[in-house]
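Once you scroll down, you'll see the structures, which are given as structure tokens.
One chain, chain A, links the two complexes that follow: it is found with chain B in the first and with chain C in the second.
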Partner chain A sequence: MTAVLTRRPVESVTGWVAARVLLACAIALAAAAATTLLDERRAIGGLTACALVCAVAGFALRRRCVVPVTLRPAGTHAAVLIGWLLLIGVSTATYRVCGTFDGVRDALFESTAGFTTTALSVLEPVEGTPKGVLLWRASTQWLGGFAAVMVVVAMLPLLGVGGIEADSAGADKRNRLKSPLIAATTRRLARAYLFLSASGVGLFLLAGMGPFDAVTYAMTTISSGGFGNHDGSIAYFDSAVVEWCTIGGMALAGANLALLMAAVRGRLVRVMRSTELRAYAFAVAVASIVLTWSTAPEGGVTAQSARHAAFAATSAMSTTGHTVGGWAEWGHGPLVLLILLAGVGAMSGAPGGGFRVVRALTLLGVVRREIVRQLHPRSVMVVKIGKAAVDERVVSHMIGYQVAWLVLAGLGAVLLGATGLVFTEALTAAVSALATYGPALGDLRDGTAALSDTALLVLLPLMLAGRLEISPVVIGAAALFRGRPKRRSR
Partner chain B sequence: MHLIVVGAGEVGSYLAERLSREGLDVVVIDLDGRRLGELAERLDVMTVKGSGTKPSVLADAGVARCDVFVAVTSSDEVNLVTCMLAHRGGAARIVARLEEPELRDRTAAKLHAAVGIDLVIDPDEETAQEILELLEYPGATEVAEMAGGEVVVIGARLPANAPFVGRTLQEIAKSFEPEWDFLFGIITREGETIIPRGDHRLEPDDLVRVLTKRKARRQLAELLGLDRRSLKRVMLLGGGRTAELVATRLGARGADVTVVERDPERARELAERLDRVLVLEGEITDADLLADADVGRADVVVALTGEDDANILACLFAKLEGAGETIAVAHRLSLLPLLGQAGIDVALSPRTASANGVLRFVRGGVAQVTTFLEGDVEVLELEVGEGSPADGTAVAELRLPKDVLIGAIVRDGKAQIARGRSELRDRDHVVVFAKPQSVEGVRKAFN
Partner chain C sequence: MTDLRARPRTLVRRDHRPASASANIVGLALLFTAAGMAVCAVLARATDDDGWGPLTGSAAGAAVLGAALWRGTRMPARVSTASAFSAVGWTWIAISVAGALPFWWSGMLPALDDAVFESISGFTGTGATVLTPIEGRGRGLLMWRQMTQWYGGMGVIVLAVAVLPLLGVGGFELLRAESPGPTSDRLAPRVSETAKRLWLVYLGISVLITGALVAAGMSLYDAAAHAMTTVSTGGLSPYDRSIATFDSLPIELVLVASMLVGAISFALWWQVAVGRGRRALGQSSELRTFLALFAGAVAVVTVVLATDGAAVASALRGAAFTVAATISTTGFATDDFGVWPAAAQLVLVGLMVSGGMAGSTSGAVKLFRVEVMAADALRELKRVSQPRAVLPLKLGGQVVPEDIVSRIVGFFVLYVVLAIVGTVMLAGFGADLATAAGSIISAIGNVGPGLGETGPVFTYLALDRPSRAIVAIYMLLGRLELFTLLLMFAAPYRALRLRRYRE
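Our next item is the complex of A and B:
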């Protein structure tokens, strides 16, 4: 730390990440501060102050810190975790400075849910909150969605961290953003993400939203976040067109960014050949049909009930968490299906979260292989996604990841149960938080009102672990607690 | 004619043998002196020890006056370099063995032109093709498609209950007037191969090669007493390149394919590359493994490792277990007569497959050549040249060496079985049965 104060640049991933995190926050906060001009300058002081602090700190760090030539896994994981905690910290401070929440706990929860793109909010009521703060709230999800893709697609594969690259690079080679450098990959990802967000804004404007709503809803939809500016989420608009646009936006949030860009460039054949995309589309379609059929009101399927079913299916699979209401009348079956869909989650390299389609496909391949091995003990089988073989190292990583996921979900459920939630609520809330989805069963289907203060705190690490694909949280935390290795004298 | 063969492996030495028997000057180049010695003892060929990638070695072999240069080592890279040197050294025409698909297909045409390659062969690919053709005609021992598939030569051993048995060829021919759809070309009985005459009477266990029009092939298969089998379950013993090619194509047709391979790494590679194919790791002669894999329920079992003994043993076991058809790939031709007696339906050797391609090229003007494993009679496809003795002549009046039989005439893509009265015209393709020593005479008649 002393080196930061001297003139010489210091090699630090943490510093490099923190500088970028702070500058991104500064830009978003400045935009939010500018928005207050349209809103009788409510909260302009707080937002401006936070923006300034972030900008100063960010610039200072940027001048001092450079990326080390070699990245060490433990250090980089720790940097990712610290970066994420910094994002949450900045946001918590902003909410407190602006007076949006009374206590630190609510501000912390809202910030964590925001950056982990989980549709769980403790802001009550949403209406009446200053527009600047609402924009910042949407920005947390928008930045979180992008940062999550960055972490998984751009940074961790560079470390050769076993199997994480499978998420987009190893397992389904077609979905790779081909670029060996962090900077180049970041730029490509950013371009894709901006393009998607701009299209989202355009879509919502065409659907008849006002400019402010169009921008914020596009931000929370494309990032798979799920925050809304209104208490009823998308139901507030009561418009079929808006709902269809949201369905489209959420479907994009769950799709691999590289594939989307290839589709935009007109390479449709290549895109359609992706096994993961087919599986994703197939799952959404089948789930929509099953939900339409199982939630049909008396007197048969109506256009509205079918649309709501498709909405719920897309929202769950992409782990966005937008709602259109109507859940109150749904039975347990459809809701369990939604939690399952969220558990599988989005495609690899997508802003959406969850276990991810590519991992689910790999595990299905493992199951198939085990069954064939029972029949033919001498058989040699390779797990494949489509026609591409998955490396054994990646397969074993995915099995490990699944176990970690289940352990976390179980642990979360036990802790939530200890706070007084019944079994179904505790289990589905834990899965939903890990998948960064939001809604859960029972009293939790409409939000966080039924959650005790302790339960909210239990959800925080779950959301963070789910968003960061577990290993940065676990390895990073371990690295932080173990502390820095002592440097040998030169 | 001066020919150079680089690589005295299985394909190279077989080629050298075939070519030298036709009285051509053959030089064989190989690194292995002992192998060359064996070859020189057996055949009338010149040998040069050394690498084909060395200009001095090629010069010793007389590359400057070489008419056809054949590079058939097992390495694509060596073959390419050798061909390039031969091209620069003045070889007139060049044949190369290339296995890598990307080096073989049309996109590699520029490379071929740069290196001077006129013909690319791949023994594995050609063996795979032969196996697939055999599978299309279940029960046949040999299948060769001529004239772009319009004419098919089917070889089969006559079972005792075949409709043809006990009748003379004349009787059979009469019952199929006015238009014949097929014609008996060669008959092998007790190791002796002849081009039969009308009074020849067919007996059980005769190995007949019958030429047929494409559309009549199913009917012929029935008349030959060949049973039809579905191709649902196929078992490939041995996981070499040939097996991979066969498995890929059969898998695409929807067959249930099982491949047995002994090398764990290769087995894994196969599992990675092949879709919907079950790969088992183990020895193909491991009876327990075969029994566990239900070899008896397979419609076809093909044993295609490089080891004849293992192939034959595995096929025998499969037969005992009740497998439908067994095909063993045999590399030593001396074993062939044994296989038939042992009840192994079919045997073929990879070297003949690729040798045919080279022979056709060496002879020029011949569109296609097929040779059989048993008996030295060849089937040739020739084009009638304008102004040649055959142009405008009826088949019966054509003066041909003995031991030659004109089987079919293909005009404008339509095949016709040749009769004595059929008149030949220029640009007709004819399919001819001939002994090797008569080949030269046949060519003279048509060009």
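Our next item is the complex of A and C:
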């Protein structure tokens, strides 16, 4: 109270995060509002109003709040969670103000799917929606992909959690985004992300897309989001070049941002040394080959079937969720493989989601150690990724993460089953949402039409937990419910 | 006059037979198998069915080969871990093939691979079947099918160690490679004594269950047949409709209780038998978790079934039986849970993964490990907000040592990885996800019925031959706690030696 009266800045990580969130939304909304000028000014009022509100609130908060000198784990997690809920809230309000959805529930779902970069949409039909709203819809994914990287790469490691830095064999230390200052790290990350997005726009323009489609599809591809401006996703373009460009974009969305920047700067040898990158590339390549082989049409592999197989593999592994169709004729094996790929997911520090390659590698190391230990019970062994030893703390953190992941997937599947989905649909929908992928098997192959209203609500926390790597959601929620921790005097 | 300086005659004759743990144990196990088949042959003779010839013939063959192997080799003085894995692995393969002979020979299962599948399913206590129809076969053959599960439940190696005190030295390694559970409870200082006590308890409980089933209204033959597959948490039944054949509440109640008994540690039952039961049962936190999990799962499944439109009483009855059959990894069926709502099926799949207590005859991960994994995950969450805290892992007030935690974690991760790999393989051979995941999780957990096309009212004939082979391997993997089968060829494999880790 005294702080308010004296108008001194308040030390609040929540306020700091909220200010950034609101300002980012304001910029994106302003861009969306500007786009309406190309589109008969449809929805210009709603977008402008939302942009203004966000800008005012954001600037106000920015003036009032500074980052505390020391970050407390529980408080920071809560701040991340609040920031994310704020993003979703702003977006829900925007959809409602613009009249895009009739009910709050659909707007909330679309917003959550957007910011968690999940390719699940309840916008039906997509075509005919004002362009401004479509741009905002793509922006939610674009912002969400970036914010997720920031949380995992910039904020959590400061607290000594996350364990994502296990793959230290790759790029040299200077290229790893571990600056102690969040702001500096954010700037570096943002530069990398903008660069990638701009290249994506360029590629799509060259492939023959219109400027608006190029921008929006680049946004939803580089962020591993998967929303499209057309009902058939990428299949709408019916163009091999566009599909190959999307495959490239999705592959980048699943790769570590810091490594990508190092590669751009010409440190290719160092980048190639990253075990995680190698494993990621290997998995995508092998999956593409297996899918090409197992989904070949009657007369043998065609250029189109091979391309569609590679597309599906990349889309799943990077958890993007763009589709090009052709799934209807696929057998059970390829489809289950896709869900497995999405479950493993992208590299650490990438906009893509999922369990992440580095964790999968660590767990394989644990398995290997246990097998050897059976024969040599007294041996002392470290888990390695490539040649680098993984710290035991990090190993045990990843194992905790695996259990949490399995429990969430199981709980989600049971709840989805209770809403009337059959076994296959419930299980794959839960895994897919947790991996922020989108498509699931059974009747859920082609979108959300088969999901009941309750099922949509069950998916919300799953997507959010998957996107935020679980711990901010659990710890943050616990901290919020427990109330503000007492400050220790220093 | 005797020369006092003459060397005294040695009492120990040097044994020139080749030393081989594998051959020795395989021989002994074949002898046990032969004995079981002989008993069933007598039953077949008494009931005048056509299984008599094949059973006698197989018994004779197994006995001759077994005796030759057992008498022709000697047990080495020391059994290394690697050779223990090898011996146990070969033993299980040998008895699986020997046990399949009567099925194949009698024409009950004309394809040899099907006969071996049935036999593996029997010995591993799984209860997955490819036999259809089951009824109308000879009583002797069907009894042998039940008896495979009874042998496999407590384990032939444990039996061997119990019968032959000579195995004392290497016995513990062998026991460790076969016994279900993360910790081998020693009931007595001597391994052979431990094994003997385990088999005594096992035998006693089998007799008790038989008596209870007779009291509940079964014939003696049915009671013995079902008792053997209940105490071993196997789940084979000589009837096509499994327990639904009887449609009797008392029988179902007895079986629910018996299945739970089979899923509780036999070390605890030994304590009960010697009169220290109250204290032992009261102290076991795993037992409390087991009962709580059982009750919770019954409640959830009942609610799911009741909201789906079933009457509450019949929902409760079906839920209690099916949950008991699943958590104990027995796999008896009274209801077709293949048509239950997905929520109930997913709860059952969860139970198929957890299984019963460590040291029981139930399969799967075992609750002790599940408890440790859960506590470990919670500890990691705590560490996020208190990164520097030293948090020992406690279960029931006792600290679990970190190296045990680490081994359990390794086992669990391997279990999950194997289940995922198996599911993808089965799906690759054309099964849908429910069938693939259900079959694999059921097989590696030694449950029996899966989901989808391998549900309780179907047989594993729904899968194609390669898939059935994968399922059979997974049953063995699960029964031998993953590592035995993975490492049975590892003894000469130098790459796994520690040399690579010395840096």
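Please note the rule applied: the second predicted complex is superposed on the first by the 465 of 490 C-alpha atoms of A that agree within 3 Å, B and C clash if a C-alpha of one lies under 4 Å from a C-alpha of the other, contacts with A are read in each partner's own complex, and residues count from 1 in each chain.
Convention: a contact is a pair of C-beta atoms (placed from the backbone, for glycine too) under 8 Å apart; a residue touches a chain by one contact, two chains touch by 3 or more.
All values reported here derive from a predicted model rather than from experimental measurement.
In the superposed model, A:A184 makes contact with neither chain B nor chain C. In the superposed model, A:I399 makes contact with chain C only, not with chain B. Look at A:A285: by the touch rule set out above, it reaches neither chain B nor chain C. In the superposition on chain A, A:K387 makes contact with chain B only, not with chain C. When both complexes are overlaid on chain A, the residue A:L415 reaches chain C alone and has no touch with chain B.
Looking at the shared chain after the overlay, A:L37 reaches neither chain B nor chain C. Number of chain A residues touched is higher for C, counting chain B against chain C.
By the document's definition of touching, both partners, chain B and chain C, reach A:H376. Chain A uses residues 372, 376-377, 379, 381 to touch chain B in one structure and chain C in the other.
On chain A, the positions that touch chain C within their shared complex are 73-74, 77, 159-161, 294, 331-333, 335-337, 339-340, 363-364, 366-367, 369-377, 379, 381, 396-397, 399-404, 406-407, 410, 413-418, 420-428, 441, 471, 474-475, 479. The touching residues of chain C, when paired with chain A in their complex, are 81-82, 85, 304, 341-347, 350, 373-374, 376-377, 379-381, 383-387, 407, 409-411, 413-414, 416-417, 420, 423-424, 427-434, 436-438, 451-452, 483, 486-487, 490, 496-498, 501. Here chain B touches chain A in the complex through residues 261, 264, 267-268, 270-273, 275, 278-282, 289, 292-293, going by the rule given at the top. Within the complex, the chain A residues that touch chain B are 372, 376-382, 384, 387, 389.
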